[in-house]
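Heads up, the next two complexes both have subunit A, just with different partners, subunit B and then subunit C.
Coming up: the complex of A and B.
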């Protein structure tokens, strides 16, 4: 994101505003953004809530969404649904990571495995995971099972393919250098392959967070009695769209938060990867 | 541009041909492994009865249902319904996405003011809005087209924007030196340079748009592939359901293939792998 704000060639003829914006300090930029967010919210509130140009059932104003959130919390429907969703998400994600990382490493080490698993994994990855949802529902029933399955299958392939790509794109001249200096196989893996694969792993995890959340929402929207998706459906069916938007906002916060968490862990575990610059 | 593309294609084509002869052996290995998997599946279900057939039908049963689907007019009308919705939504998303993406990538002011919101919307799981679309636009095609558009447009905008931002300044300057300015600069320099990025955005957008269409059909309405699949699974006709899933896998992968072929055709100077890994 920062690349879009900071760098990039100056393609258009920058007018006064552009030059002024480019010259701002990071704090100044954050300030301008904050002002923008406030302006957006006020305009939204005015258009829907005060002037009533848009039917508030379809797009409730920010204050109504906040009220919906308060209603969700005070009526006690939020916590059980949220906990179920987060549980399904976490189980699915861990299952995906536990399967994907070893298989990805194996694909990276062995060419035959790569050539066999690779095309199959790409084929499944290219298909939106929603296609597997009815099968999951038929196989795992109506509980948390299909949600876990869909989260896992959505998160599995980005991690797997990224790890495999990371192993495959390890700089060959570093590998040769390692060999020349007499590195053993284990040493080669520890000090050459691992450091160059870790950034790919974290990129895969970040992609997986987004896809897993989509998988979770899809699974819960179509055929689950409990969870955030089911909560959204229930709220919409009773025309309490403010609550639906509040629930969506919580899912968004979860998705963004988990992606941030992955980045934080990456900085802590692997400071050499320079994700800060993106 | 033509000079660059010519040398580019030659450089890419050559190693591919050399590699391909070696690749043939891996293709056979892949086919062998898939055959073994299918054989084990068939054996486990219909010969050894380890898994109940109603739960997981054997590959032969799936193949039979698949063949049946291919001659079923109901399937083809559902196919046409789903695909036309996806195509309409996707075309709208491409037009809006490329125009907005170029504008935002081009103008520093817009980039500063609009891009953060676009990023936020991009990373939002917008599938959660599907029930609201059904509520607002009804059970017909409109809600599905709108959903396809909404899900597909953001990856296209963001990728186009990224492409427009990363256009090499020396290309722009060279264009300016030769007196290309304004809209002509956009059309002759910026647009071709961003094209591969837009196409990779369209690729992701197509997958997400497909998700939107199928989800819309799951949630309501009586037409389309998603509805057919859900109905088959609901009736516990697993052979037909798995055959439908295979149809969707084929559609998704054909779309992917089509777009990457398009990218190779329209932007042969661009290295596929450079943006393939971009999140």
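Coming up: the complex of A and C.
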């Protein structure tokens, strides 16, 4: 989280910890994050593993979680669950993007479409995805179907609404500049509206990554026989909380990794959004 | 007190004016109040080829609306605007605009921003255009910054890009909407003198909107003073100062001081009237 904070505006006094953090190089920031993680793990290990202030069945220490991870890998339990989850995640995410990007572009272009689709989109977006979970089971059975559905419906709206907002908030001054030089409608879309929507698209994709993962786990938590969510439930039910935590850590790693991947692709596709002169 | 003057560069035989505005009015419907807002009313103005006309007025006097009509971005409610004898029905390659907020495309490098106008006009044929773009970049003093993005440049440098983009399109008329309004005071003076030199060198016809009295006097062959509520021409004054002019060379010139006092009083009255009517 500290990386998010460091990139924000520094509203505090100049000098002090804030200024020091803001002035750090990327390597320095990674160093701070590494120290933060190590300190947290050590405290965790001490509190649970060494002093035994908390029953390790409820909160296993980091070393036990690592052992749980090794057990998951060596017993061969992890791979089938992980693969089915990632498969559902990827299919759902692609379905969401393929629907959301064109509909979002249309919403941002046409006021009538925005007025019709907008309220529906916001309503579905505002509904907690967990509410769809029992329905998804009824509609799509017990296989990968309901998971794909929940991933897709969770990822769809952040992409769609961001793309629509990007189109609508295109700087009117740049549009005027295009018109002054005689840009046709097609040229305006290609050279002005679409590029100015790109940063919004990536912001939407980043949100969608996190929400898709939530949707995936929610779908798998009950009634699923396979998948990471099912693995967490099974581990907890057999008091192997270390394995449950290992499974959660893997899901988090996937989510953070995919969000990072989106950022990397954005830097490559849209180099102008890079901050600073580096 | 509207004085029409002979064009500076064609004193032998007075040709038809390049821009001819007759009885121009623009009104807007204000949706919120249901009233009609008169932006400008009854504007008459002739601008001859090679003339530098500054348009001076308080905020909200309709001077930008006036420029937008000449640019072809806003349709007149009544009256006519002729450019080179033909009525203005929209933007055209004979006119280019320099915007107060630069209106650069943040996703394009300096080079690609400068070529934007040519690209929209579908003038990127053959190889010659690359040299023209490069020449324009060098002309505004941005050599070496071709592959920088706008966000990496200062405000003054961004406006240089805006100038190069306008010049490279080789318009007959340059419309400048407070081009130095968002630039810091020191850079403003430097760029004002540079714009003056560029215009004297290229012989373009210029409509230059400003609310700076010094800018209006130092740059203009004639100064068109606007009044507000409704926006209309209050008076047209010939500056009659020798070129080249600079702040230092004219600051003790009695003509400059007389103009400055006169315009100061005219604007002061307008500003007070505007404040009272609100």
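As a working rule, the second predicted complex is superposed on the first by the 239 of 278 C-alpha atoms of A that agree within 3 Å, B and C clash if a C-alpha of one lies under 4 Å from a C-alpha of the other, contacts with A are read in each partner's own complex, and residues count from 1 in each chain.
Keep in mind that, in the parts below, contacts are C-beta pairs under 8 Å (C-beta built on N, C-alpha and C of every residue); 3 or more make two chains touch, one makes a residue touch a chain.
These figures come from a predicted structure and were not determined experimentally.
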{"item": "Subunit B versus subunit C as contact partner of A:195, first or second or both or neither", "value": "second"}
{"item": "A:127 touches, of subunit B and subunit C: first, second, both or neither?", "value": "first"}
{"item": "Which superposed partner A:171 touches (first subunit B, second subunit C, both, neither)", "value": "second"}
{"item": "Partner chain(s) touched by A:272 [first = subunit B, second = subunit C, both, neither]", "value": "second"}
{"item": "Which of subunit B and subunit C A:229 touches, first, second, both or neither", "value": "first"}
{"item": "Subunit B versus subunit C as contact partner of A:138, first or second or both or neither", "value": "first"}
{"item": "Winner by number of subunit A residues touched, once subunit B and subunit C are compared", "value": "B"}
{"item": "First, second, both or neither for A:180, with subunit B first and subunit C second", "value": "second"}
{"item": "Contacts of A:252 with subunit B and subunit C, given as first, second, both or neither", "value": "first"}
{"item": "Residues of subunit A contacting subunit B in one complex and subunit C in the other", "value": "none"}
{"item": "Parts of subunit C lying in touch with subunit A, wherever the complex brings them together", "value": "71-73, 91-93, 95-97, 99, 101, 103-108, 116-117, 119-121, 149, 151-152, 169"}
{"item": "Subunit C contact footprint on subunit A (complex, rising order)", "value": "171, 173-174, 176-183, 187, 191-192, 195-196, 198, 270-272, 277"}
{"item": "Contact set on subunit B toward subunit A in their complex", "value": "23, 26, 29-30, 33-34, 55, 105-109, 111-113, 115-117, 119, 123-125, 127-132, 134-136, 161-162, 164-169, 172, 190, 207-208, 210-211, 214-215, 218-219, 226, 229-230, 232-234, 236, 238, 241-242, 245, 248-249, 252-253, 256, 277, 279"}
{"item": "Complex contacts: residues of subunit A adjacent to subunit B", "value": "1, 3-5, 7-12, 14-15, 17-18, 21-22, 29, 32-33, 36, 40, 57-58, 112, 115-116, 119-120, 123-124, 126-135, 137-139, 162, 165, 200, 203, 206-207, 210, 213-214, 217-218, 221-223, 228-229, 232-233, 236-237, 239, 241, 244, 247-248, 251-252, 255-256, 259"}
